[in-house]
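Read through the structure below, which is laid out as C-alpha coordinates, and then see the notes.
Each chain gets a letter, A, B, C, D and E, in the order it is written, and its residues are counted from 1.
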Amino acid sequence: MEIYKVSQELVCTRRTPGLGHHSLRVLEAADGSLSVATDPVGAPVGKWVFTTIGTAARFAMSDPTVVTDLTICGLIDNWE
Amino acid sequence: MEIYKVSQELVCTRRTPGLGHHSLRVLEAADGSLSVATDPVGAPVGKWVFTTIGTAARFAMSDPTVVTDLTICGLIDNWE
Amino acid sequence: MEIYKVSQELVCTRRTPGLGHHSLRVLEAADGSLSVATDPVGAPVGKWVFTTIGTAARFAMSDPTVVTDLTICGLIDNWE
Amino acid sequence: MEIYKVSQELVCTRRTPGLGHHSLRVLEAADGSLSVATDPVGAPVGKWVFTTIGTAARFAMSDPTVVTDLTICGLIDNWE
Amino acid sequence: MEIYKVSQELVCTRRTPGLGHHSLRVLEAADGSLSVATDPVGAPVGKWVFTTIGTAARFAMSDPTVVTDLTICGLIDNWE
(Lines give C-alpha, C1' and ligand atoms only; values in the text may rest on other atoms or scores of the structure.)
Protein backbone atom coordinates (compact mmCIF):
# COMPACT_ATOMS: atom_id res chain seq x y z
CA MET A 1 0.00 0.00 0.00
CA GLU A 2 1.36 3.41 -0.99
CA ILE A 3 1.42 6.75 0.81
CA TYR A 4 -0.07 9.85 -0.80
CA LYS A 5 -1.22 13.35 0.06
CA VAL A 6 -4.75 14.27 -1.03
CA SER A 7 -4.28 17.04 -3.58
CA GLN A 8 -7.78 17.89 -4.82
CA GLU A 9 -11.12 16.49 -5.89
CA LEU A 10 -11.34 15.27 -9.47
CA VAL A 11 -14.15 16.70 -11.55
CA CYS A 12 -15.23 14.29 -14.25
CA THR A 13 -18.65 14.59 -15.84
CA ARG A 14 -18.07 12.07 -18.68
CA ARG A 15 -17.08 8.72 -17.23
CA THR A 16 -17.51 4.98 -17.76
CA PRO A 17 -20.70 3.62 -16.10
CA GLY A 18 -18.59 1.20 -14.05
CA LEU A 19 -17.33 4.07 -11.86
CA GLY A 20 -20.86 5.03 -10.77
CA HIS A 21 -21.05 8.33 -8.91
CA HIS A 22 -18.27 7.51 -6.47
CA SER A 23 -16.18 10.50 -5.48
CA LEU A 24 -12.66 10.70 -6.90
CA ARG A 25 -9.53 12.26 -5.42
CA VAL A 26 -6.30 13.38 -7.06
CA LEU A 27 -3.42 12.10 -4.95
CA GLU A 28 0.19 13.30 -4.94
CA ALA A 29 3.04 10.91 -4.27
CA ALA A 30 6.30 11.81 -2.52
CA ASP A 31 7.96 12.27 -5.93
CA GLY A 32 5.27 14.71 -7.05
CA SER A 33 3.50 12.35 -9.47
CA LEU A 34 -0.31 12.41 -9.50
CA SER A 35 -2.82 9.54 -9.45
CA VAL A 36 -6.60 9.27 -9.18
CA ALA A 37 -8.28 7.19 -6.46
CA THR A 38 -11.76 6.29 -5.31
CA ASP A 39 -12.39 7.36 -1.73
CA PRO A 40 -14.66 5.36 0.62
CA VAL A 41 -13.32 7.01 3.79
CA GLY A 42 -13.93 10.70 3.02
CA ALA A 43 -10.33 11.91 3.01
CA PRO A 44 -10.02 15.72 3.23
CA VAL A 45 -7.70 17.66 0.90
CA GLY A 46 -4.24 18.07 2.46
CA LYS A 47 -4.36 14.85 4.49
CA TRP A 48 -1.92 11.95 4.15
CA VAL A 49 -3.51 8.63 3.22
CA PHE A 50 -2.48 5.16 2.16
CA THR A 51 -4.03 3.25 -0.72
CA THR A 52 -4.50 -0.23 -2.09
CA ILE A 53 -4.38 -1.36 -5.73
CA GLY A 54 -5.68 -4.18 -7.93
CA THR A 55 -8.47 -6.50 -6.86
CA ALA A 56 -8.13 -5.21 -3.29
CA ALA A 57 -9.00 -1.71 -4.54
CA ARG A 58 -12.37 -2.97 -5.69
CA PHE A 59 -12.94 -4.99 -2.51
CA ALA A 60 -12.18 -1.87 -0.45
CA MET A 61 -15.20 -0.14 -1.99
CA SER A 62 -18.60 -1.06 -0.62
CA ASP A 63 -19.37 -2.25 -4.17
CA PRO A 64 -16.68 -4.58 -5.60
CA THR A 65 -17.86 -4.05 -9.19
CA VAL A 66 -16.52 -0.49 -9.24
CA VAL A 67 -13.83 -0.34 -11.95
CA THR A 68 -11.19 1.36 -9.81
CA ASP A 69 -7.55 0.24 -9.50
CA LEU A 70 -6.65 2.57 -6.59
CA THR A 71 -8.69 3.10 -3.42
CA ILE A 72 -7.94 5.09 -0.28
CA CYS A 73 -7.76 2.69 2.70
CA GLY A 74 -7.24 5.08 5.58
CA LEU A 75 -5.90 8.33 6.94
CA ILE A 76 -2.43 8.26 8.49
CA ASP A 77 -2.23 9.82 11.94
CA ASN A 78 0.62 12.20 12.73
CA TRP A 79 2.44 11.99 9.41
CA GLU A 80 5.16 14.48 8.46
CA MET B 1 -5.94 5.38 -11.79
CA GLU B 2 -3.42 7.33 -13.84
CA ILE B 3 -3.70 10.62 -15.74
CA TYR B 4 -2.82 10.79 -19.44
CA LYS B 5 -3.27 13.02 -22.46
CA VAL B 6 -4.73 11.37 -25.56
CA SER B 7 -1.96 11.53 -28.14
CA GLN B 8 -3.34 9.76 -31.21
CA GLU B 9 -5.33 6.79 -32.47
CA LEU B 10 -3.42 3.53 -32.80
CA VAL B 11 -3.61 1.83 -36.17
CA CYS B 12 -3.21 -1.93 -35.86
CA THR B 13 -4.46 -4.24 -38.58
CA ARG B 14 -2.84 -7.45 -37.25
CA ARG B 15 -4.01 -8.11 -33.69
CA THR B 16 -4.95 -10.90 -31.33
CA PRO B 17 -8.63 -11.93 -31.66
CA GLY B 18 -9.19 -11.13 -27.97
CA LEU B 19 -9.01 -7.39 -28.70
CA GLY B 20 -11.95 -7.52 -31.12
CA HIS B 21 -12.42 -4.34 -33.14
CA HIS B 22 -12.32 -2.03 -30.13
CA SER B 23 -10.72 1.32 -30.83
CA LEU B 24 -7.28 1.94 -29.35
CA ARG B 25 -5.68 5.19 -28.22
CA VAL B 26 -2.02 6.10 -27.70
CA LEU B 27 -1.78 7.96 -24.38
CA GLU B 28 1.05 10.21 -23.17
CA ALA B 29 1.95 10.38 -19.48
CA ALA B 30 3.28 13.46 -17.70
CA ASP B 31 6.84 12.12 -18.14
CA GLY B 32 6.36 11.72 -21.89
CA SER B 33 6.12 7.91 -21.93
CA LEU B 34 3.50 6.35 -24.21
CA SER B 35 0.96 3.60 -23.52
CA VAL B 36 -1.93 2.05 -25.46
CA ALA B 37 -5.46 1.93 -24.04
CA THR B 38 -8.90 0.71 -25.03
CA ASP B 39 -11.44 3.53 -25.09
CA PRO B 40 -15.12 2.96 -24.20
CA VAL B 41 -15.87 6.67 -23.65
CA GLY B 42 -14.77 8.14 -27.00
CA ALA B 43 -11.94 10.36 -25.79
CA PRO B 44 -10.85 12.96 -28.38
CA VAL B 45 -7.17 13.51 -29.20
CA GLY B 46 -5.69 16.25 -27.00
CA LYS B 47 -7.99 15.64 -24.03
CA TRP B 48 -6.84 14.65 -20.54
CA VAL B 49 -8.22 11.35 -19.28
CA PHE B 50 -7.72 8.93 -16.42
CA THR B 51 -7.40 5.20 -16.81
CA THR B 52 -7.74 1.94 -14.91
CA ILE B 53 -5.53 -1.15 -15.14
CA GLY B 54 -5.74 -4.88 -14.48
CA THR B 55 -9.01 -6.74 -14.05
CA ALA B 56 -10.80 -3.40 -13.69
CA ALA B 57 -9.63 -2.48 -17.21
CA ARG B 58 -11.56 -5.42 -18.61
CA PHE B 59 -14.60 -4.73 -16.43
CA ALA B 60 -14.62 -1.10 -17.67
CA MET B 61 -15.23 -2.36 -21.23
CA SER B 62 -18.75 -3.40 -22.08
CA ASP B 63 -17.24 -6.86 -22.77
CA PRO B 64 -15.02 -8.13 -19.90
CA THR B 65 -13.33 -10.73 -22.10
CA VAL B 66 -11.40 -8.03 -24.00
CA VAL B 67 -7.69 -8.67 -23.38
CA THR B 68 -6.81 -5.09 -22.43
CA ASP B 69 -4.80 -4.06 -19.37
CA LEU B 70 -5.48 -0.29 -19.67
CA THR B 71 -8.88 1.33 -20.26
CA ILE B 72 -9.91 4.98 -20.33
CA CYS B 73 -12.42 5.62 -17.51
CA GLY B 74 -13.34 9.23 -18.06
CA LEU B 75 -12.45 12.70 -19.30
CA ILE B 76 -11.09 15.13 -16.72
CA ASP B 77 -12.82 18.50 -16.69
CA ASN B 78 -10.72 21.67 -16.56
CA TRP B 79 -7.30 20.02 -16.38
CA GLU B 80 -4.13 22.03 -17.00
CA MET C 1 8.84 -10.50 -3.88
CA GLU C 2 10.60 -7.32 -2.80
CA ILE C 3 13.09 -6.63 -0.02
CA TYR C 4 12.39 -3.92 2.57
CA LYS C 5 13.54 -2.73 5.97
CA VAL C 6 10.81 -2.29 8.60
CA SER C 7 10.79 1.43 9.36
CA GLN C 8 7.98 1.93 11.87
CA GLU C 9 4.45 0.99 12.81
CA LEU C 10 1.69 2.86 11.01
CA VAL C 11 -0.90 4.54 13.21
CA CYS C 12 -4.24 4.80 11.45
CA THR C 13 -7.43 5.25 13.43
CA ARG C 14 -9.73 5.98 10.46
CA ARG C 15 -9.59 3.13 7.98
CA THR C 16 -11.73 1.14 5.57
CA PRO C 17 -13.55 -1.78 7.28
CA GLY C 18 -11.86 -4.25 4.89
CA LEU C 19 -8.53 -3.78 6.69
CA GLY C 20 -9.94 -4.96 10.03
CA HIS C 21 -7.63 -4.37 12.96
CA HIS C 22 -4.59 -5.96 11.33
CA SER C 23 -1.32 -4.32 12.26
CA LEU C 24 0.39 -2.21 9.60
CA ARG C 25 4.07 -1.52 9.04
CA VAL C 26 5.83 1.26 7.14
CA LEU C 27 8.56 -0.33 5.01
CA GLU C 28 11.57 1.35 3.43
CA ALA C 29 12.97 0.14 0.12
CA ALA C 30 16.63 0.24 -0.88
CA ASP C 31 15.97 3.52 -2.76
CA GLY C 32 14.45 5.13 0.34
CA SER C 33 10.83 5.03 -0.84
CA LEU C 34 8.17 4.08 1.72
CA SER C 35 5.27 1.63 1.47
CA VAL C 36 2.68 0.25 3.89
CA ALA C 37 2.24 -3.49 4.46
CA THR C 38 0.11 -5.84 6.53
CA ASP C 39 2.21 -8.03 8.80
CA PRO C 40 1.18 -11.60 9.69
CA VAL C 41 4.65 -12.62 10.92
CA GLY C 42 5.31 -9.93 13.56
CA ALA C 43 8.32 -8.23 11.98
CA PRO C 44 10.22 -5.99 14.42
CA VAL C 45 11.29 -2.46 13.46
CA GLY C 46 14.77 -2.45 11.92
CA LYS C 47 14.56 -5.97 10.46
CA TRP C 48 14.87 -6.84 6.76
CA VAL C 49 11.84 -8.59 5.30
CA PHE C 50 10.50 -9.64 1.93
CA THR C 51 6.94 -9.06 0.77
CA THR C 52 4.37 -10.30 -1.71
CA ILE C 53 1.85 -8.22 -3.69
CA GLY C 54 -1.50 -8.65 -5.41
CA THR C 55 -3.78 -11.59 -4.79
CA ALA C 56 -0.93 -13.39 -3.04
CA ALA C 57 -0.80 -10.55 -0.48
CA ARG C 58 -4.36 -11.35 0.56
CA PHE C 59 -3.72 -15.11 0.56
CA ALA C 60 -0.69 -14.56 2.82
CA MET C 61 -2.99 -13.15 5.52
CA SER C 62 -4.94 -15.63 7.59
CA ASP C 63 -8.05 -13.92 6.18
CA PRO C 64 -7.98 -13.55 2.36
CA THR C 65 -10.68 -10.86 2.37
CA VAL C 66 -8.31 -8.31 3.88
CA VAL C 67 -7.95 -5.47 1.34
CA THR C 68 -4.15 -5.32 1.40
CA ASP C 69 -1.91 -5.28 -1.68
CA LEU C 70 1.39 -5.78 0.22
CA THR C 71 2.05 -8.37 2.92
CA ILE C 72 5.23 -9.31 4.76
CA CYS C 73 6.12 -12.96 3.96
CA GLY C 74 9.16 -13.51 6.11
CA LEU C 75 12.23 -12.17 7.86
CA ILE C 76 15.52 -12.46 5.98
CA ASP C 77 18.33 -14.02 7.99
CA ASN C 78 21.77 -12.38 7.93
CA TRP C 79 20.98 -9.54 5.54
CA GLU C 80 23.36 -6.61 5.08
CA MET D 1 -0.77 -1.79 -22.97
CA GLU D 2 2.88 -0.96 -23.62
CA ILE D 3 4.82 -0.37 -26.81
CA TYR D 4 7.95 -2.40 -27.59
CA LYS D 5 10.24 -3.28 -30.47
CA VAL D 6 10.84 -6.99 -31.07
CA SER D 7 14.54 -7.51 -30.38
CA GLN D 8 15.15 -11.23 -30.83
CA GLU D 9 13.81 -14.71 -30.16
CA LEU D 10 14.48 -16.14 -26.71
CA VAL D 11 16.15 -19.53 -26.60
CA CYS D 12 15.22 -21.44 -23.46
CA THR D 13 15.54 -25.20 -23.31
CA ARG D 14 14.92 -25.58 -19.56
CA ARG D 15 11.57 -24.06 -18.65
CA THR D 16 8.59 -24.55 -16.36
CA PRO D 17 5.96 -26.93 -17.85
CA GLY D 18 3.33 -24.17 -17.62
CA LEU D 19 4.95 -22.31 -20.53
CA GLY D 20 4.49 -25.25 -22.91
CA HIS D 21 6.33 -24.87 -26.20
CA HIS D 22 5.01 -21.39 -26.93
CA SER D 23 7.49 -19.16 -28.72
CA LEU D 24 9.07 -16.36 -26.71
CA ARG D 25 10.32 -12.94 -27.84
CA VAL D 26 12.74 -10.52 -26.22
CA LEU D 27 11.20 -7.05 -26.41
CA GLU D 28 12.96 -3.69 -26.05
CA ALA D 29 11.18 -0.71 -24.51
CA ALA D 30 11.75 2.92 -25.47
CA ASP D 31 14.15 3.28 -22.52
CA GLY D 32 16.23 0.30 -23.67
CA SER D 33 15.06 -2.13 -20.99
CA LEU D 34 14.34 -5.72 -22.06
CA SER D 35 11.37 -7.99 -21.29
CA VAL D 36 10.24 -11.44 -22.42
CA ALA D 37 6.80 -12.02 -23.97
CA THR D 38 4.74 -14.86 -25.38
CA ASP D 39 3.76 -14.24 -28.98
CA PRO D 40 0.45 -15.49 -30.43
CA VAL D 41 0.55 -13.17 -33.47
CA GLY D 42 3.94 -14.09 -34.98
CA ALA D 43 5.70 -10.76 -34.60
CA PRO D 44 8.89 -10.49 -36.71
CA VAL D 45 12.14 -9.18 -35.23
CA GLY D 46 12.45 -5.41 -35.72
CA LYS D 47 8.69 -4.72 -35.68
CA TRP D 48 6.91 -2.48 -33.17
CA VAL D 49 4.23 -4.21 -31.13
CA PHE D 50 2.03 -3.52 -28.13
CA THR D 51 1.51 -5.93 -25.27
CA THR D 52 -0.87 -6.77 -22.44
CA ILE D 53 -0.02 -7.88 -18.90
CA GLY D 54 -1.58 -9.79 -16.03
CA THR D 55 -4.65 -11.98 -16.43
CA ALA D 56 -5.24 -10.46 -19.86
CA ALA D 57 -1.84 -11.80 -20.98
CA ARG D 58 -3.03 -15.32 -20.32
CA PHE D 59 -6.42 -14.69 -21.95
CA ALA D 60 -4.63 -13.34 -25.05
CA MET D 61 -3.02 -16.76 -25.58
CA SER D 62 -5.17 -19.45 -27.16
CA ASP D 63 -4.60 -21.38 -23.91
CA PRO D 64 -5.32 -19.29 -20.74
CA THR D 65 -3.36 -21.66 -18.50
CA VAL D 66 -0.04 -20.51 -19.99
CA VAL D 67 1.96 -18.94 -17.14
CA THR D 68 2.91 -15.76 -19.01
CA ASP D 69 2.55 -12.21 -17.64
CA LEU D 70 3.27 -10.42 -20.95
CA THR D 71 1.74 -11.23 -24.33
CA ILE D 72 2.04 -9.50 -27.69
CA CYS D 73 -1.41 -8.22 -28.74
CA GLY D 74 -0.71 -6.78 -32.16
CA LEU D 75 1.67 -5.15 -34.60
CA ILE D 76 1.55 -1.36 -34.82
CA ASP D 77 1.22 -0.01 -38.35
CA ASN D 78 3.45 2.86 -39.44
CA TRP D 79 5.26 3.41 -36.13
CA GLU D 80 8.42 5.50 -35.97
CA MET E 1 8.36 -11.61 -18.09
CA GLU E 2 11.53 -10.02 -16.78
CA ILE E 3 15.19 -11.02 -17.08
CA TYR E 4 17.34 -11.49 -13.98
CA LYS E 5 20.63 -13.02 -12.88
CA VAL E 6 20.46 -15.44 -9.94
CA SER E 7 22.43 -13.75 -7.18
CA GLN E 8 22.16 -16.08 -4.17
CA GLU E 9 19.86 -18.29 -2.16
CA LEU E 10 17.64 -16.54 0.38
CA VAL E 11 17.82 -17.85 3.93
CA CYS E 12 14.57 -17.26 5.79
CA THR E 13 13.69 -19.32 8.84
CA ARG E 14 10.66 -17.26 9.92
CA ARG E 15 8.12 -17.11 7.12
CA THR E 16 4.38 -17.09 6.44
CA PRO E 17 2.93 -20.64 6.21
CA GLY E 18 1.68 -19.90 2.68
CA LEU E 19 5.24 -20.08 1.34
CA GLY E 20 5.73 -23.66 2.52
CA HIS E 21 9.31 -24.88 2.29
CA HIS E 22 9.80 -23.82 -1.32
CA SER E 23 13.31 -22.65 -2.09
CA LEU E 24 13.81 -18.92 -2.63
CA ARG E 25 16.34 -17.09 -4.80
CA VAL E 26 17.60 -13.52 -4.68
CA LEU E 27 17.59 -12.17 -8.24
CA GLU E 28 19.47 -9.16 -9.60
CA ALA E 29 18.00 -7.04 -12.38
CA ALA E 30 20.00 -5.24 -15.08
CA ASP E 31 19.81 -2.03 -13.00
CA GLY E 32 21.22 -3.78 -9.93
CA SER E 33 17.98 -3.92 -7.95
CA LEU E 34 17.23 -7.12 -6.03
CA SER E 35 14.04 -9.21 -5.83
CA VAL E 36 13.10 -12.54 -4.28
CA ALA E 37 11.56 -15.38 -6.35
CA THR E 38 10.33 -18.90 -5.87
CA ASP E 39 12.21 -21.37 -8.04
CA PRO E 40 10.53 -24.49 -9.49
CA VAL E 41 13.24 -25.10 -12.11
CA GLY E 42 16.36 -25.28 -9.91
CA ALA E 43 18.22 -22.26 -11.25
CA PRO E 44 21.92 -22.21 -10.26
CA VAL E 45 23.56 -19.05 -8.86
CA GLY E 46 25.09 -16.96 -11.66
CA LYS E 47 22.64 -18.08 -14.36
CA TRP E 48 20.32 -15.77 -16.28
CA VAL E 49 16.63 -16.54 -15.91
CA PHE E 50 13.27 -15.00 -16.77
CA THR E 51 10.37 -14.74 -14.39
CA THR E 52 6.61 -14.32 -14.28
CA ILE E 53 4.56 -12.25 -11.83
CA GLY E 54 1.04 -12.11 -10.42
CA THR E 55 -1.42 -14.98 -10.70
CA ALA E 56 0.85 -16.62 -13.27
CA ALA E 57 3.62 -16.78 -10.63
CA ARG E 58 1.41 -19.00 -8.48
CA PHE E 59 0.30 -21.11 -11.44
CA ALA E 60 3.97 -21.66 -12.38
CA MET E 61 4.54 -23.43 -9.05
CA SER E 62 3.38 -27.01 -8.79
CA ASP E 63 1.09 -25.75 -6.00
CA PRO E 64 -0.96 -22.65 -7.00
CA THR E 65 -1.72 -21.74 -3.38
CA VAL E 66 1.88 -20.68 -2.75
CA VAL E 67 1.80 -16.96 -1.87
CA THR E 68 4.55 -15.90 -4.28
CA ASP E 69 4.34 -12.97 -6.70
CA LEU E 70 7.53 -13.81 -8.65
CA THR E 71 8.50 -17.23 -10.00
CA ILE E 72 11.41 -18.33 -12.17
CA CYS E 73 10.05 -19.71 -15.47
CA GLY E 74 13.19 -20.83 -17.22
CA LEU E 75 16.91 -20.53 -17.81
CA ILE E 76 17.99 -18.40 -20.78
CA ASP E 77 20.47 -20.11 -23.07
CA ASN E 78 23.51 -18.17 -24.28
CA TRP E 79 22.73 -14.84 -22.60
CA GLU E 80 25.33 -12.09 -22.32
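Brief remarks follow.
Throughout what follows, a residue touches a chain if its C-beta (ideal position, glycine included) is under 8 Å from a C-beta of that chain, and two chains touch if they have at least 3 such contacts.
Model, not experiment: these values are computed from the prediction.
Subunit D is reached from subunit A by a rotation of 145°, derived from superposing Cα atoms (nearest 5). Two copies of one sequence, subunit A and subunit B, touch each other mainly through non-matching residues, since under half of the numbers at the interface are common to both.
The mean-CA centres of subunit C and subunit D are about 32 angstrom from one another, to the nearest whole unit. Work out the mean CA point of subunit B and of subunit D, and you get 20 Å between them.
Counting only residues that touch two or more partner chains, subunit E has 53-55, 57. Judged by the touch criterion defined above, the protein chains form a single closed ring in which each chain touches exactly two others.
The sequence of chains round the contact ring, opened at subunit C and continued through subunit E, runs C, E, D, B, A. If you check the complex, the residues on subunit D that touch subunit B are 1-3, 30, 40-41, 50, 52-57, 59-60, 71-78. Remark: subunit D residues 10-16, 18-19, 24, 26, 33-37, 53-55, 57-58, 65, 67-70 touch subunit E in the complex.
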